[in-house]
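Both complexes shown next keep subunit A, but they swap its partner, so subunit B is in the first and subunit C is in the second.
Now for the complex of A and B:
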């Protein structure tokens, strides 16, 4: 049988911690940008404007049809060129991180847009009519009446998507960015203890994600209307 | 941006001379399709079984299925794949593990990816089957049992047929996910479609053409699967069910 030796993990904790920070940074930025940009996309699809709606639908459907691995590779190809052409940054900036951030933010927006669109549509049309009858503008209706209720309906789904996103960030492995998983793999490879490090990484992901999903379930019960 | 486009690159021969770059792409497509369809078969069979177990009146069996779902849903796919590929052969008895490690690398990669993707997707299929079974009125199960059917018979003849038809739309999106997730297999060296795009970049430096072609192939798979599943949904829809559309 295989003999386990977990002794290389304690010494590697700083590296793993730095990796976890990269993972959290990617997740956090992608959630914030994803929700803002996703809301705009969802509103564009719901606006009734055909041009805006078609463009937003095209964006969402394209991103949802392509594997995340391909999206990460695409932005690793495009972002460095753009950085050089537009911003004149080149040597100093961390290109892997920058392109991963852009890739996740734009990719997640497509998924958030669909969740938000479903949430907005779950608010009865009568509420919109009532708000308009009271003399509110479209923006006021959305901001004060529809979105607060929609947010409540879709909060559990948004959080579940965030947990999936947290797991998906491990795919930055394909461009060699050392997130938590990448760090664990590197340490395991270096020490010849890949089995232990992979099991450890899996256990950490499981505890974090399972704990978060229990919290989401609890929240779901509390805010259920 | 100064990039010189060269779409003819797909027709030029590869260094070994026995194929064109287009041929490489199609080979990658073949692996993607083989891997995804194989994993989908595993996922459907295992997922349906687990979904049924999740709803049976036995705490051990339903707890076991629930534990499976939580384990496979809360660990990233990439970690699971690396575990199948790197960890499992080490944990098996030595003779068996060595036999695996000495087998053809391509077989190792493909089998690891197939099992990984199949088991991962089974957890998701399980949850869909469970929600489909739970959406049926309770009376159906009671009626089946009251007529003298055994519990397995009740599932087979009464509960599963409508449940599977109700959950076809969410199953379609899981089916699409299998194709997208199969790209993760590139990380253990299986030269499927997404990996082929990187290989083309390495050999030809025509990155944009290669990426655009591969992206279009994924979109094409997506469209074909959606059309196919729509046809299946149309043929199997439940008359009178709220999800059914009128012809």
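Now for the complex of A and C:
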């Protein structure tokens, strides 16, 4: 029978910790950029401007119709060329990290755009009318009346999407970036203890994600009042 | 001079015509009640007065400013025209006080302390000073609508538009809202009210407008309208809603 040996884990904690940091950085950047860019995409689709709307819809549909792994690979192959041409970045830059950040941010914004669009549409037209009747401009109406209410309605979905994103960042193993999963795999491979390391990584993912979803559920109950 | 001048206004939703050649004027200090069966276009007409709905033909001039003139700043015009909606439309994520002050601060540029003082004064006027710290969800429908009226009044409007202000209320709450409206009317506020409350119309209206199928069928002084409505449709309408 297979004998479990977890003894290589304590010594590998610094490497695993560094990996977890990469995972969190990817998740954090993708959430922030995704929400900002996603809000702009959502407003473009809601604006009623046909050109803006079509372009935003095209973007969203494109990214939602291709597998994330492929997007990560595309950007890994494209971004280095662009960075060298435009930004003149030196060889010291971590191309894998930069391309993964761009890929996740652009990919996630497509999903966030749809969540935000649904959130904005969940605010009744009467609220818009009331804000306009007070003399608010379009921007004031959005900023003071519609978006705060929309955010409340879509917060659970936004957080759920963030949890999915946190798990999806493990896909960067295809470009050899050492995120948490990648680090665990490398250590396991090195010490011949792959099963143990992957079990450990799985447990960490589970604890973090399940904990976060419990928090979301509590939050959901609190705003529902 | 007319405060609100509606002249030969027509409006379409796509190919469906909702307003046909509507003309009426509301003078300063006048209270005009607009009634008619549902789907007659009365709510649409009143929404056109502060350009919440666009018109395709005709002109609407409010306080000397033409809505169809591209030079007219519609947001600024709306800030001077108070509007009260059927479903109150208080902002649910703000306290009553914030509801009363947000327009004053963000649109009129009033200092916050002045806006709060003005808002609370209006709240007192509608008898709800004790509710200042609550959120709209904690108030009854009648209270919400009174706060909505106070919110509009805090902007120092030159006239008030009411779009079926009591239709979404439980019967026992209708009167508390109507009382506030009657008080406003007797103080000389220029008012245009879409409502089925004929008691209110009898008490304070100067004129009654009857609409059907997007047209103004009758536009008469109160006494004439309730005494001898000329059109058959208005007679039928009155007989239906006054039956009880």
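Keep in mind that, in the parts below, the second predicted complex is superposed on the first by the 223 of 225 C-alpha atoms of A that agree within 3 Å, B and C clash if a C-alpha of one lies under 4 Å from a C-alpha of the other, contacts with A are read in each partner's own complex, and residues count from 1 in each chain.
Here, a contact is a pair of C-beta atoms (placed from the backbone, for glycine too) under 8 Å apart; a residue touches a chain by one contact, two chains touch by 3 or more.
Model, not experiment: these values are computed from the prediction.
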item: Joint occupancy of subunit A by subunit B and subunit C, clash or fit; value: fit
item: Which superposed partner A:135 touches (first subunit B, second subunit C, both, neither); value: second
item: Which of subunit B and subunit C A:32 touches, first, second, both or neither; value: neither
item: Partner chain(s) touched by A:149 [first = subunit B, second = subunit C, both, neither]; value: second
item: Inter-centroid angle subunit B-subunit A-subunit C after superposition on A [Cα, multiple of 10°]; value: 100
item: Touching partner for A:198 - first (subunit B), second (subunit C), both, neither; value: first
item: Which superposed partner A:126 touches (first subunit B, second subunit C, both, neither); value: second
item: Subunit C versus subunit B - closest C-alpha approach in the superposed model, Å; value: 20
item: List of subunit B residues in touch with subunit A within their complex; value: 1, 70-71, 73-80, 82-83, 86-87, 90-91, 93-94, 176, 179-184, 186-187, 194, 197-198, 207-208, 211, 214-215, 218-219, 222-223
item: Complex contact set, residues of subunit A against subunit C; value: 124, 126-127, 129-137, 140, 144-145, 148-149, 152
item: Residue numbers on subunit A that touch subunit B, as the complex places them; value: 1-2, 62, 65-70, 73-74, 77, 81, 85, 163, 167-168, 170-171, 173-174, 181, 185, 194-195, 198-199, 201-202, 205-206, 209-210, 213
item: Complex interface listing, subunit C residues touching subunit A; value: 47, 50, 52, 75-83, 85, 87, 89-93, 102-103, 106-108, 151-152, 155
